[in-house]
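Chain lettering (A, B, C and D) follows the sequence in which the chains are written, and residue indices restart at 1 in each chain.
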Amino acid sequence: MSPLNVTVWNEYRHEKVDDVVADVYPDGIHVVIADALKQQGFSVQTATLDEPEHGLTDDLLSKTDVLIWWGHMAHQDVQDEIVDRVHKRVMEGMGLIVLHSGHFSKIFKKLMGTTCNLKWREIGEKERVFVVEPGHPIASGLGEYFEVPHAEMYGERFDIPEPDTLVFISWFEGGNVFRSGCCYHRGAGKVFYFRPGHETYRIFYQPEVQLVIKNAVKWAAPSGGPTVTFGHRPDPLENVG
Amino acid sequence: MSPLNVTVWNEYRHEKVDDVVADVYPDGIHVVIADALKQQGFSVQTATLDEPEHGLTDDLLSKTDVLIWWGHMAHQDVQDEIVDRVHKRVMEGMGLIVLHSGHFSKIFKKLMGTTCNLKWREIGEKERVFVVEPGHPIASGLGEYFEVPHAEMYGERFDIPEPDTLVFISWFEGGNVFRSGCCYHRGAGKVFYFRPGHETYRIFYQPEVQLVIKNAVKWAAPSGGPTVTFGHRPDPLENVG
Amino acid sequence: MSPLNVTVWNEYRHEKVDDVVADVYPDGIHVVIADALKQQGFSVQTATLDEPEHGLTDDLLSKTDVLIWWGHMAHQDVQDEIVDRVHKRVMEGMGLIVLHSGHFSKIFKKLMGTTCNLKWREIGEKERVFVVEPGHPIASGLGEYFEVPHAEMYGERFDIPEPDTLVFISWFEGGNVFRSGCCYHRGAGKVFYFRPGHETYRIFYQPEVQLVIKNAVKWAAPSGGPTVTFGHRPDPLENVG
Amino acid sequence: MSPLNVTVWNEYRHEKVDDVVADVYPDGIHVVIADALKQQGFSVQTATLDEPEHGLTDDLLSKTDVLIWWGHMAHQDVQDEIVDRVHKRVMEGMGLIVLHSGHFSKIFKKLMGTTCNLKWREIGEKERVFVVEPGHPIASGLGEYFEVPHAEMYGERFDIPEPDTLVFISWFEGGNVFRSGCCYHRGAGKVFYFRPGHETYRIFYQPEVQLVIKNAVKWAAPSGGPTVTFGHRPDPLENVG
C-alpha cells in the first residue's frame, strides 16, 4: 500500500518578519509538522500562502489525501478561488485538519457555516486537554489527558456546529473550557479541528500534539466509499404507477 | 406573551409566468403558507425576491423570530448581501425553516457548508414520510407516517452535514429514500430543513405539511439563551501563575 | 392548557441521618426542588425511596409528564421492578431529569447502556458552568456561564454515550472538566442529565440551578408525537411482486 | 502487525432443527461469516449458544478484538452473566457488530438502553440499501446503493438512540424505510448495527454484505486509546483555595 499523501499548508508570514516566531520555527511551522509526519512514513508536501496559487495547485490537491491547514494573521489574503478549490476537494473526499488559529480561516468557516468565533487570551497559561471519547482513533496512544504548559487560551462559546464526534475538551488555568478536538463529515470528506498550537510556543514540537496530528491524518484520509453522483434521475429504480 | 413573528419568503416568480403553477398557487406559495400560519395565531409577514432588498430589510429581519424560505428557479438572483444579512440573524438566534427546493438556496448552502446536492425525479410518484424521532416536538400531532400522493422525488445521497436530529425519512415509490426532516443548531439559531413541497402539487395545502411547518416554527423560535460575545479577554477569570 | 405534572423523586435518607445534610435540606432535597417548581406554575408531586413502591406507583407515573431523579447513597436499594416501570414510561414519552449523583442510579445506567462512571473529588472547589449551545431552550435566561462557589468535582472521562445535544461544560478549580448538561432522546422520551447539585452545599437553592431545572422540565415534557407501534406487519403498505 | 481477532457468535439452533434453514446454512450462519472473514486475513473464532458459557469464556473474550453477534429465536436463553461479561468487554474497548435479528438480543438492548423494537414482515420483498454517509470507512468499496433481492422487512420506528453516525438507510418494496447501518461509541468500545441478513435467504453470502461486515470489523476494532480510570481523586490537579 502506498503511503498517504499529506500536504501541510502554512500562511508562513509571521515566521519571516518576527524574531520571536522565527526563533521557535526558523523554517516555518509547516516544516516542523511536515518533518514529524515524514518520520511516520507519510509522503509529505508543503505549500504556503505566497507561492503561486498559494501552492495549492489543482495537481497537488488532486493528489493530496489529507491537507493540514495553519494560518493566523493573513486569512483574508487567501483567494476565494483557492478556498473553493480546497472545498471542492473536501466534498470529493480529501481530509482536512485545521490547526489552532485556523479556526478563522476562510476554508474552515465555509465548511462549518458559522462564524467560528471564540474568546481568546494570550498570557501563556496552562492547558490540560482531556480525552472525552477514548474509543476514537484520534485518541490512540494518548493518556487520559495531556498538558500544554504555556498556551494561548481559546474559550467557549466556540461558534461551531456541534461536532459529529467530540474527542477532546480543554481546561485552562485562567478559568475557561474549550472543545479542542472536533470531528466532522462534510461531503465525502472528513474534517478535524485541533485546538493546540501557536506560533510562539513550542507546541508543535510536543510529542502528544504530533501524535494527535498523525492519528488525525489516518482518520481523515479518504476511505474508498462510493463516488457520489447527483442530479436528474428521470427513470425510477422501480415501476411507478 | 406576544405571538411569534414569522416571515415567509418566496421567490415568487414561477407563479407569475406559468399557468400550471398559478393554478395551484394563484397568489403565490408564500400566501398559502402565511394563511395557514396566521390561523395558528402567529404574526405573519411575507417577502419576495423582486421587492427591494428582496423584502428582507434590516428592520423586518430584526423583528423576525422565524424565517421560512422557499425558492427553486432563481436562487442565483438572491444578492449575496441579503444572504449575509439573513445568515447574521441566524447566528444571532433567528430560526430558519427551509422548504423543499430551498435546499439549493444560497442561505442553506452557506449554513450547511456542503453542496446540498441530491438526486431528483419529477414523475408524480408517491412519498411516505416516516417519523423516526417520535419524541421530537416537530412530530407533534402526526401519526407514525403520512403520505404525499404525488411528489417530486428527492433521493440520497443528500449532501448535507449529519443532522443534529433527524426527524423524518421519506420512502419513494420509485425506489429511493431521503432524510426529509433535519434539525440543526447553527450559531444561536435553529435551522430545520423540510423536504415535502412543490410548486405544481397541492402539498402546501396538505394538513400534515402545514402541521409540521407550525411545529417547526415553535421549535425554531429564539429561546432566550445568553447573548454570546467573542474576542479578546485579556483578563483571566482566575489568577494565573 | 393544564400545567405540566412534575414528580420529584428523592432517595431522602441522608437528610434524616446526617446533621450537616439536614441543616442544608431540613425537609429533603426534593422539597426544595418541588417548591421552586411550584412557584413556576407546575403541578408538583414528590416521592421517596422508603415509601411503598418508592412512591412511584403506576398511577402516579402514568400522570407524570416529567420525573426528576436525585439519589446518591442508596442506588442499590431501588427495586429493579420500579426501575423497569420508570424505564417503560420514558420509552412511552415521559421526560426524565437526572441530577448530579443520580448519574449512578439504576435508571440512568439502564437508559445510557454504559457504566456512567466518572472521577470525583470533594474539597469544595469552584465550578464554572459554560453554555456551549446557546440556542438550546435549556439555556434560556442564563448568562454565558454561571458559577457554583463550592462544588463536588466530577471529572472526565464521563462514561456516557455522546449526548444528542451537549448544552453545558464545567470547568473546575482543581483542574478538571466535565460535560454537565446532556440531552438525549430515548424511546419517545427525553432525558436530561444535569451535573450541579449536592447534599451538603446549597446548590439547589441557587437561582441558575433552579432555572436550568425549570427549563429542562419544559424541554423534556412529552411533545405529543405519534404513538409508536411495533411488531408483525404481514400486509405491506404497497403491492409487492 | 498481528491480524485482528474476530469472534463470530451464533445462536445456532435454527440451523439444526429446520430443513429450510439448514439447506441455506448447513454448518450454521457463523461458519459462513467466519469463512468470509478468514479470507480477509482476520484471525477468526466461533462460539455458539449451546457451548458451555455460550462459548464466550473470559479467556476468549479477553483476546477478542471484535465480536459479531447473530441470534433470532433464543435471545432469552442467553445468560445474564454472559451478557454482562460481553458488556464489560465493550466498555473496555472491544468492538461489537450486531446483525439483523440481533437487534433484539440482550446485549444490544443493554447497550442501547431502549426497547430496540421495530416493525417486521416476511414476504421476501426487495430491499435497497443506500449509503448516506459516503465518507465513513464502513462504506468503503460500495456503490451508491446495493440491493438485497429477497429480504425480511424491518421498518421504522426503530426504537434506538440516534446513531452517532448513520451510514445506511434501507428502502423496502412493501413501502417502509429503516436505518440499516448505525454506529455508536459505547464506553471505550465501538458498536455497529447492520440490518441485512436472515436465516433463510442467502444474504450472508452476498458480496456487499460480506464487504460491509469486513469494513465494520476494521472500524470497530480497538484503537489503542487511553485506559480510562474512574473513582475518587482526592488530590486536585491544581492548587485549590
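By our rule, contacts are C-beta pairs under 8 Å (C-beta built on N, C-alpha and C of every residue); 3 or more make two chains touch, one makes a residue touch a chain.
These figures come from a predicted structure and were not determined experimentally.
The fewest steps needed to get from chain A to chain C, moving only between touching chains, is 1.
Over half of the residue numbers at the interface between copies chain B and chain D are found on both sides, making the touching surfaces mostly the same.
Measuring from the averaged C-alpha position of chain A to that of chain B gives a distance of 31 Å. We define each chain's centre as the mean of its Cα atoms; on that basis chain B and chain D are separated by 36 Å. Residue positions 128, 131, 133-134, 144, 155, 157, 162, 164-165, 173, 175-176, 185, 187, 226, 228-229, 237-238 of chain D are each in touch with at least two other chains. For chain A in complex with chain B, the residues that touch the partner chain are 91, 110-115, 117-121, 123, 125-126, 153, 155, 157, 159, 161-162, 164, 173-176, 184-187, 228-238, 240. Those residues of chain C that touch chain A in the complex are listed here as 128, 130-134, 144, 155-158, 162, 165-166, 169-172, 175-177, 179.
By the touch rule above, chain A contacts chain D in their complex via residues 93, 128, 131, 133-137, 139-144, 164-165, 173, 185, 187-190, 222-229, 237-238.
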